[in-house]
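Two complexes, one shared chain (chain A), two partners (chain B, chain C).
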Partner chain A sequence: MSAAPEGGRAGRGFSYKALIIGLVVTLPLLALLYMGLSMDPHRMDAPLVGKPAPPFELHRLSDGQLVSLESLRGKPVILNFWATWCMPCRQEHPFMVSAAKKLGDKIQFVGIVYQDKNEMVNAWLDAYGGRGYPTLIDAGTKTAIAYGVYGVPETYFIDSQGVIRDKVVGPVRPDELFELAGRLQ
Partner chain B sequence: MAELGRLLILAALALASAGALVGFSAGRSGSARGLRITRGLALAFAACLVGATGVMEYALITHDFSVEYVAHVGSLATPLHITIVSLWSSLDGSILFWGFILAVYTTGFVLATRGRHEDMQPYTLATIMAVGTFFTFLIAGPANPFGDTPAPIPTDGPGPNALLQNHALMIIHPPMLYMGYVGMTIPFAMGVAALLKGRSGAGWTRPLRRWMLIPWGFLTCGIILGGWWAYEVLGWGGYWAWDPVENASLLPWLTATAFLHAAMLQERRGLLAGWTLVLLLVTFQLTILGTFMTRSGVFNSVHSFTQSPIGPTFLVFLAMVLIASVVLVAANVHRLAPGRPIESPASREAAFIVNNLLFAAFTFTVLVGTTFPLIAEAARGVKVSVGEPFFDQFAVPLGLAIVFLMGVGPAMPWGRATGAEVARRMGPPLLGGLVLAALGVALGVRDVLPALTLLVAGFAVSVTLRDVWDPVRARMTAKGESLGRAFASALRRGRRRFGGQVVHIGVAIAVVAIALSQSYQIIGEGVIDKGATLTVSDYTLQFVDARSVTEPHRERTIATIAVSKGGRDLGTMEPALNNYATEMNAIGSPAVRTSPVEDLYLSVMSIDPRGQSIGLRVFINPAVAWLWIAMGVMVFGCLIAVWPTRRSEASGAVA
Partner chain C sequence: MSRAVRLGLALALSLAGGAAWAQSKRGEDVAPEQALVLGPDVAQTVGAPLGPPVGPDRLEEETHALASRIRCPVCQGHSIADSPSETARDMKSLVRAMVAAGYVEDQVFVYFEARYGEFIRLLPRAEGFNLLVWVIPLAALLLGIIVVVVFLGRRRPSAVATAVPSEAAAARSRAREAGPAEGSDLDPWLEAVRREVAEEDQRQDG
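This part shows the complex of A and B:
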């Protein structure tokens, strides 16, 4: 069926049209993947350490008052992102409350609830360790995105100048918390 | 030990690059000696990779923590069979495993082609070796599993990723998928050789159809096993979530399936030569893209445990493959036989062409949906995720149309069919479809989509069964053979076709299972105190007890749930939560009670520390078991089509 002679080499009959169509299809895909490499979602975390903490202004669960990071300036802050549907948060919360009791005069503890509903949050706090420090509601998860929260719990250690000193992904171990808190002072 | 491994890998790298160079030059000169050397180099390359894999396995089994990969994934507490498979539990090892499979395929190809297609072999082997050069380069450099563990050498390690230790399917799913992915290298290399030799005229696909069918069968198996594993282990009650990595395995499957059909059209009618070629090249590119997606960490996925720094290297390789393919096609476009235009839309050709368009559309939408988060982030700087609704929206109609065509294609004759012929060929199978749909409605199917699925699947199966039966009956009447004898000889004569028909039946079963399980899943959820019950549909679930078991590598909390259905006692089920020493989150082990009608699927969400209450999610999934059965049927069909017979061995030499 094929009338074309076989065994020829590229050069004769090279189709620039096919070449251009092929490149138009493949090059943008490659460019996109190349950009994808530099946007690695898992590596967004590290760059924040040593940088000023992204500002936020969120409603407090208890009274709906707006609380901003700015208003907490002057005291180191331990910022704990969590959610009611997160299992490790349950293990972590009672300890966070007791740590806040112990360190509360030197360090401001703040919980930010992520992707959740107010009534669920209240019920959860009643069930798993109570309210030792303010809980803020991150409506629309803007703050979590600004901090590059990848999963909950995640805890940020912010010094009194508002610079992120450390972050912990997953539940914070007691020794780790006291050690990192010590570094903030 | 690490040193021996490194040495073997470097030898493999040298042999692969030498093989690629000698192969290409032998391809140009047509030198018989060049071919002999290339074949020798290919076998030596394969031997080195197999040896390196053996060294790694030995290091794993003997817990030689001075080898970095062993220190990374090994653990004295891990059971032996898990230790063996932890070769592919983490990135560096899985790339080595990849190389091992390429070595197996290379050996298979060299041995199977002794004295055959000798003119095509040098370029084919050269291309395989070029791919091998890339992978051994990865193993030797960016993803080297044979690094020395920095002192002090630990006395124990963390063990492999917990998800991999959770279920026996994890032992078999990755190898199947890899056999599928890596195996696509062979038909790709044969296609490249055909292009380099200027042999892309009529019939060039014939010798490589079998080499495509083998990885296709593995890929089919790997994809469904992956779904099965997710279903048995992840605890969210489903088997497919359009996760980027799942999509990455589906994409080459779609193009490979399209290729197998296009190649048939190309062989029989000389149509779609260029298209067939593009499908072949794209299939291989998609396997590389898929690996890139899994390994680079660009996408968020359940497989994110495999992210690593090899992304850039992979991207360079992908770019080289893509650009070389484009140039090769551009150089050969003038040689591609356009074939005769199709005579009539009422023909098998037309059905095949529409089938290919649908597969292409399916591939394109899955690709766009998967990469859309990247596009959105690049264009607008926002993070978006593309969820199931998007994919389902197009996958359902496209899937239904493909299954319908799976009936239309074989039902129609080549060339042209008259109206009366169309009615005669399509009528009875359509009736078969209607009967199945009516049966479904009688059994409680009340929605349009599942009913439609039953209709098209019933139609396709009816066509297939008639196709199987017709030649058997013809032999029985013409030659007076007995049923068994006629069947055996019909099978012998049309093995490949018969295999294809069996695969079609498997596809129809799978599609029905998917439609029913997606449409009629029942979900219940609740917190149950000890002794109390939860009722979901007609199941009553009583929380009897929770107990903790300490195993070497994990702590399990097992809940005992007494199950009864409509008052009939069905015994107990034991979903569990596992805490691994190395994982911060508890990982569930759902309990699944499978029956041909429906699965009862229990997943523990939480167990209170005193074991007095549990949070339980309950799924009732109809017909899921048929998806696994369908996999068996499809693999069986594929085996029938691929299995070498003495006749095809002989005819292979002249094909």
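This part shows the complex of A and C:
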């Protein structure tokens, strides 16, 4: 006959000690797994939101004149990074142009072209929605890096004090643009 | 100039021209990679360089050492030193300009982290929650060692237990070969066996 249970051992196949050790090891791992699964893998860090927008001084596509962020101060700015080789930009651009027409007296729209060539940009603008607002050329991608651009399109919402209030990665939806633009005013 | 040198020169020129043409076809500005131009906000973000300017003799080596620890934001797990993308090339060019100007490692990382977050570090900093990345493998290793030690410790007594009977069997075998030993500890036991055998014989005879 077997002896009576001894030292927390409730039976031949079950041990409280093993259960506790198992829980101590597996529960933290499960908690980490849960944290990882509950995160949005598409969400990118945006450390500049709430901070002053990095300054820039870039050539305007239309006439080569230098345009700085400083010169736009006093009015909220919607800054859209885009490129001719970016497919979502083709859908986004006509809407951005029409939004600039509606909101242009209150908000300054600016496009910054990312890794592109002037002649291709001109042809693209003619084909996909026209020139509703200034387009600036970011040679060497320094301004895009300064804004922490991951890819195009990306849009920054800058208030009249020059502080970045929001950032949208990917094409901006119409309702999203009007909502975020409303927060700037 | 020998024919081989002329051929080599022509090949190098055509490769360089081909790369520039390919970039031009993709619609990218063909900018010289070596241009040492700082970003518009570098000094505003990290202040003045804390180190001396780095000359051309050490510039590539130090740039590569830093660039290999900065994540390419448009790639899958590549550093900007390894990625062939234009974004990585432009970021590496900025790192080169910062190193040349005398910005030290911490300043370079602070600049890129201020733009992209800690994501930009290929090796997360060993502090706070990130410590788990270092602690969990070590803890798992220690736990494994403890489990192995405990497991072997439990096995040893049973190994001894199996060894003891075999030693006892060998001793019995030696004793059988040597015959009954007079005056040994087995005498009472042998006497009892002999008595039982004699009693059994008497019963059978009777």
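Throughout what follows, the second predicted complex is superposed on the first by the 140 of 185 C-alpha atoms of A that agree within 3 Å, B and C clash if a C-alpha of one lies under 4 Å from a C-alpha of the other, contacts with A are read in each partner's own complex, and residues count from 1 in each chain.
Everything below uses one rule, namely that a residue touches a chain if its C-beta (ideal position, glycine included) is under 8 Å from a C-beta of that chain, and two chains touch if they have at least 3 such contacts.
Keep in mind it's a predicted model, so treat the numbers as computed, not measured.
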| item | value |
| --- | --- |
| Touched partner set for A:Lys117, first chain B, second chain C, both or neither | second |
| First, second, both or neither for A:Glu57, with chain B first and chain C second | second |
| Touching partner for A:Val49 - first (chain B), second (chain C), both, neither | neither |
| A:Pro171 touches, of chain B and chain C: first, second, both or neither? | first |
| Most chain A residues touched (candidates chain B, chain C) | B |
| Touching partner for A:Ile145 - first (chain B), second (chain C), both, neither | both |
| Touching partner for A:Phe14 - first (chain B), second (chain C), both, neither | first |
| Partner chain in contact with A:Thr26 - chain B first, chain C second, else both or neither | first |
| Chain A positions touched by chain B in one structure and by chain C in the second | 32, 145 |
| Contact set on chain C toward chain A in their complex | 24, 26-29, 31, 35, 37-41, 44, 73-74, 86-87, 90-91, 93-94, 113-119, 132, 143 |
| Of all residues in chain B, those that touch chain A in their complex | 197-199, 201-202, 270, 289, 292, 296-300, 304, 307, 311-312, 315, 318-319, 322-323, 325-335, 337, 339, 371, 374-375, 377-378, 383, 584-586, 606 |
| Partner chain B, residues of chain A touching it in the complex | 1-4, 6-19, 22-23, 26, 29-30, 32-37, 39-43, 87-88, 90, 145, 170-171 |
| Residue ranges of chain A touching chain C (in the complex, touch as defined) | 25, 32, 44-48, 54-57, 83-85, 115-117, 120, 139-148, 150-151 |
